[in-house]
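What follows is a set of structures to go through.
Two complexes come next, and they have one chain in common, chain A, joined by chain B in the first and chain C in the second.
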Partner chain A sequence: MNLGTRLGDLAISDSGFVFDPYTGASFTVNATGLHLLRALKDGVIDRAGLLAGLDEAFDVDGADAGRDVDDFLGQLRRYELLPRDFELGASEVTP
Partner chain B sequence: MTRRPYERPIIVRHESGLGNKLSRVPALRPQEEIDGVSVEELVKTYGSPLFVFSEQTLVQRQRALADAFAVRWPKVRTAWSYKTNYLDGICRVLHREGAWAEVVSEMELDKALHNGVRPDHIHFNGPFKPESALEKAFRGGTLVHLDNFDELRRAEQVATRLGKRPGVAIRLSVAAEGIPPWTRFGFHLESGQARDAVRRLLAGDKLDLVGLHCHLGTFLLDPAAYREAAGKLAAFAEELRTEHGIRLQFIDIGGGFASHNALKAQYLPAEQATPSFEQYADAVCDGLRALQGPPKELPTLVLETGRAIVDDAGYLITTVHATRRLPDGRRGVVLDAGVNVLFTAWWYRHDVVPTRHLAGIPEPTVLYGPLCMNIDVVRDALPLPPVEAGDRLVLRNVGAYNVTQWMQFITLRPAVVMVGRNGQHGLLRKPETLEALTSWEEVPEWI
Partner chain C sequence: MSTVAVTGLNATDNPAPGVAVARALKDADPATRVVGLAYDLLDPGNYAPAWFDDVFLVPYPSQGSDVLRSRLTEILDAVRIDAVLPNLDSELPAFVALEGWLHERGVGTFLPTRQQFDLRSKLHLADLGERAGLPVPETVVLSEPAELYTLHEKLSYPLVIKGVFYGAAVCHSLEDALHAYHDVLAKWGAPVLAQRVIRGKEIDVCAVGDGAGGLLGAVPMRKTLLTDKGKGWAGVAVKDPEALAMTERFMDASDWRGPCEVELIRDEDGKTWLLEINPRFPAWCYMTAAAGANLPWLAARAAMGDTIAPERGFTPGTMFVRISIDQIARLDDYEALATTGSLVDRAHRFQGEDR
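And now, the complex of A and B:
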C-alpha cells in the first residue's frame, strides 16, 4: 500500500515537532506518536510490525495499544498525512 | 534497553487559535485530595460520581464576605440564599457563622425554620407568596419583600385578618449599565412604579415600610453595576425620609457576586475576571454614601450572596467510563456524571483537573455525561492529555445551584458529602435509590 508522498516528506524533529512542507501545517506528536510516524516513514505498514516496534521501545503492558494505533492512524488520515483509504496490512495480533 | 513509559500516541495540529491555546495551557496540576482527604478514599466510601463540599472553604468565603463589608459599613447582615444550596448541612454551617436566611418560597421558608433559623431572621423574596406563606411569615415576624401590587393587597388582607401590622420591604427593579434588567421582579424605580407602591402602601396604612430590596442579577462581573444600583437605592431611601419621614431599617442589595468560575463566553480566566469581595464592597458602600444621618441610624446593609460563597466550596468527582475519537478529530470522553447533576455546565466552562499526573500532550477533548441525550455535554474544547477508563476527574467550583437544580433523569442522583475542618467526612445527602424513587409512584388499580 502506498503511503502517499505527504507522510514521506514530513520534517520530523526529535522533540516531536512535525512540519508538512506541502501545506505549511505544523504538528506536535508525543513520544509514542513520534515512534509510529518514524516506523511508518520507514515502511512498517502492518499492524503486527507497528505493535511489535512499540512494544520494544515502550512499556505497553496493560495498555490497549491496538486501539491506540488505530486511533493514531485515524488522526493521520484526518490531517491528510495518510491517504483517506489507507489501511494497515494484515495482522496476527488483533484484537 | 529499558522500555520507556507508554502514552497513547497523539498528534495535534497547531491550528489558528487552538495551537496557541494548547501551547498556553498550563500543566494540569492533579488534585489528589480535598482538604487533606484523598479523592480515592472518598470514592471508595461513597461511590462515584460524588459531590464533595469543603467546610473550610465555605466558612472562609462566608467570613471573607462578612469581613469585607463590615469594615466599610456600620451594620451588615448576610442572609443565606437558600435556593443556591439548601442542603441542611450547608445551611447550618452558614447559620452557625451568623448568616440569616433568604428564602423565595414557602418550602424554603419551612426549610429555614427546620434548620433552626428564627422566623424574624428570614428575608422572604420571590414573585409567588400564597396566602398561607404570607400568614406563616407574618405570624413569625419574617421580613416579607413585596414583589407586586397584587401581593401588596394580599399582604394587607392577611395582616388585617391576623390583627398584625408587619414591617415589610419592597423589591425594586433598578436599571444599571451593562446589566440586562430583571424587570419581571419588583417595582420599577425608573418608571415611577416604586413611588406608586410606596404611596399605595402608606395609603393602605396596614403595613410598615422598613426596607428596600434589589437583586440585580447573577454572576455580575462588574462591581460598577452595584455602585450605580446602591446609589439609586440610597437616593430613593433619602426621598422616603425627606418626603414621608420613613427611616428604613435595612437596604438589601441582593446577591449576584461572581464566584471563581468562568462563563462560557468569558475570555479571561476566573482568577483575573472575578472581582474580590473587597471590590464589590467598595462599590456598594460607595453607592450608599448618599444616605444621610449618623452611623447609628443608617440602615443595615443586607447581602443575599449565594454562589460567591458556596460555588468555590463544591467539587464533583467523576470517573472516566470510556473514550472515543470524534469525526472532527477531538477526543470524546464519557463520564459517569452529566448535565443531569451538573446543571451549571450549560453556563460555565467548569475547571476540570485529574487526580493523577496525566502524561502526554493535551488534545482538544469533549467531556460527555452518561445520558443518552445529545445535549449531555459537561465541557467542550477542553485541552486534556489522554485519559483512560477508570481515571477520576474533579470538576471544581460546582457548589452553587447544582444540588438544588439537578434532575432525577435517566440515572439516580449521587451522594453529597462534606469534608470537615479536621479531616472528618460525612454525608450531606444519601445517594438516591430506586426504592426511594418508586416510593412516590402509584399504579392505578385498573392497570
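And now, the complex of A and C:
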C-alpha cells in the first residue's frame, strides 16, 4: 500500500520535531515515534519489520510493542498523515 | 538604481501592506529607492527610514483621482518614480483611472483593469466562481434591512453579514443580523451581503497574475495565530497544490494583472471554497521574499517593464510572527511632514538602524 505524500513529505529532525508542509502543523515525537516515522518513510510497512526495528533499537518486543505500534499508526491516521484505510502489510513495500 | 513608490504605510494591529512591500523591495535590491505615499502624518511607515527613503503625504482616496493626480504631479516634480505599487483596495480605482497618465509621466504600473477589479468584488464573486469553476459560499445581496426578516428562507443561521469592501460579523440570530447590518452599512455603505458560514481551515495565497491568464508567482500560507480582529499575527508557508490550482483557475478566468490575495477555506469534508479575492498584496507578503519568491519585487519589475519569468518555487515551513515595537520617530521628520507634506531624501540622516 502507498503511504501517500503526506507522510512521505514530512520534515523530520533528529530532535523529534516534525513539520507537515501541507498543513503547516508541527508536532514532536519521542525516540520510538521518531524511529517508527523514519522506518515508515523508508518503506518498512509490515508489522514484523517495524517490530524488529524497534527491538533492535530499543530492546523491546512482545505484545506491548505491538500495541504501541498500532496506537502510533492510529494517531497518524487521525492526523491524516496516513490514509484512513492504511493497514500494515505482511511484507516490505516501497512507498 | 530604480525608484518605486509604495502606498499603505499604516502598520497598526490591522496593518496595510506597504511596509512589508517596501521591506521586500529593499531585500531584493538595497539600492532601490522606495518612496512612501502616506495618508496620515502618523502612519508608522513614515518613520522607518530603513525601508522608505522619501515619504509624501497624499490625499485620501475619497477625494478622487483628479486630486490624486494633482498631488502626484507635485511629487513627480520632486522625485523620479519608475513604478508605483498601490496597496489599498480603496485607492486602486483612482490609480487604475490614472494609469495612462502615469505611463505618460514615466511611472510604470502593474494593475488590474477596472473590469477585473470589479469582477472580484464581493458583489460579483459568485459569478466569478462560476466562471472559474471555484465554489463560493451561497451569498445574498441585501439592499434593505427588511430582507433580513426572510433571510432564513435562503440561508440558515449562523451566517456572516459582510460589507461590500470590509467588515464581517458572524450572526446567530435575526437580532445579531440586524445589528451587524446597520453596523456594516454605517461603516462601509450599501449594499450589505449575507453569506453562509463555512467552518474549516483558512488558506491564503499571495499571488501575482501576468495579465494574460497566467500566474507569475504564488505562495500559500496558513495563519497560526490570530488577533482579536481575526487578522493573522503569525503564519507559515505551506505546500498546498489545490490552493495553487484554484489560484491558477482564478488567473485563467480573469486574466488578472498584478498582485492579489486569494482567500480560501477548506471545510471539514475537505472541500475548498473561495471566500474572497483581495486586489492587492496582503500585509504578510514579506514572507514571500523570505520564502524565496519575492513577489513584491517581481511585481515592481513587471511594473517597470521587465520581462518576468514565472517564479513558482518557495520554501514551505517559512514562518512569520509579527511584532509590535515602539519605533522612535524623529521630531524633525514629523515637522517636515506636518509642514511640507514631504520627507525627501533623508538617507543622509539614516545612520545604521537595523533593517
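A few comments on the model shown:
What we mean here is this: the second predicted complex is superposed on the first by the 87 of 95 C-alpha atoms of A that agree within 3 Å, B and C clash if a C-alpha of one lies under 4 Å from a C-alpha of the other, contacts with A are read in each partner's own complex, and residues count from 1 in each chain.
Please note the rule applied: contacts are C-beta pairs under 8 Å (C-beta built on N, C-alpha and C of every residue); 3 or more make two chains touch, one makes a residue touch a chain.
This structure is a prediction, so every number in the text was calculated from the model and none was measured.
After superposition onto chain A, the partners chain B and chain C occupy separate space and fit alongside each other.
Using the contact criterion defined above for the overlaid structures, shared-chain residue A:76 touches chain B, although it does not reach chain C. Taking the C-alpha centre of chain A as the vertex, the lines to the centres of chain B and chain C open to an angle of 80 degrees, rounded to the nearest 10. In the superposed model, A:33 makes contact with chain B only, not with chain C. When the shared chain is aligned, chain C comes close enough to touch A:11, but chain B does not. Contacts of A:57 after superposition on the shared chain: chain B is touched, whereas chain C is not. Contacts of A:65 after superposition: chain B is touched, whereas chain C is not reached. In the superposition on chain A, A:21 makes contact with chain C only, not with chain B. Annotation for chain A, partner touching more residues between chain B and chain C: B. Using the contact criterion defined above for the overlaid structures, shared-chain residue A:85 touches neither chain B nor chain C, since it reaches no partner. Note on the superposed arrangement: chain B and chain C approach each other to a least C-alpha distance of 8 Å.
Residue overlap on chain A between the chain B contacts of one complex and the chain C contacts of the other is empty. Of all the residues in chain A, the ones that touch chain B in their complex are 16, 18, 25-33, 35-37, 54-60, 63, 65, 68-69, 71-72, 74-76, 78-79, 81. Of all residues in chain B, only 3-14, 19, 22, 325, 329, 360-361 touch chain A in the complex they form. Interface residues of chain C, counted against chain A in their complex, comprise 201, 221-222, 224, 235-240, 316-317. Interface of chain A with chain C (complex): residues 9, 11, 19, 21-24.
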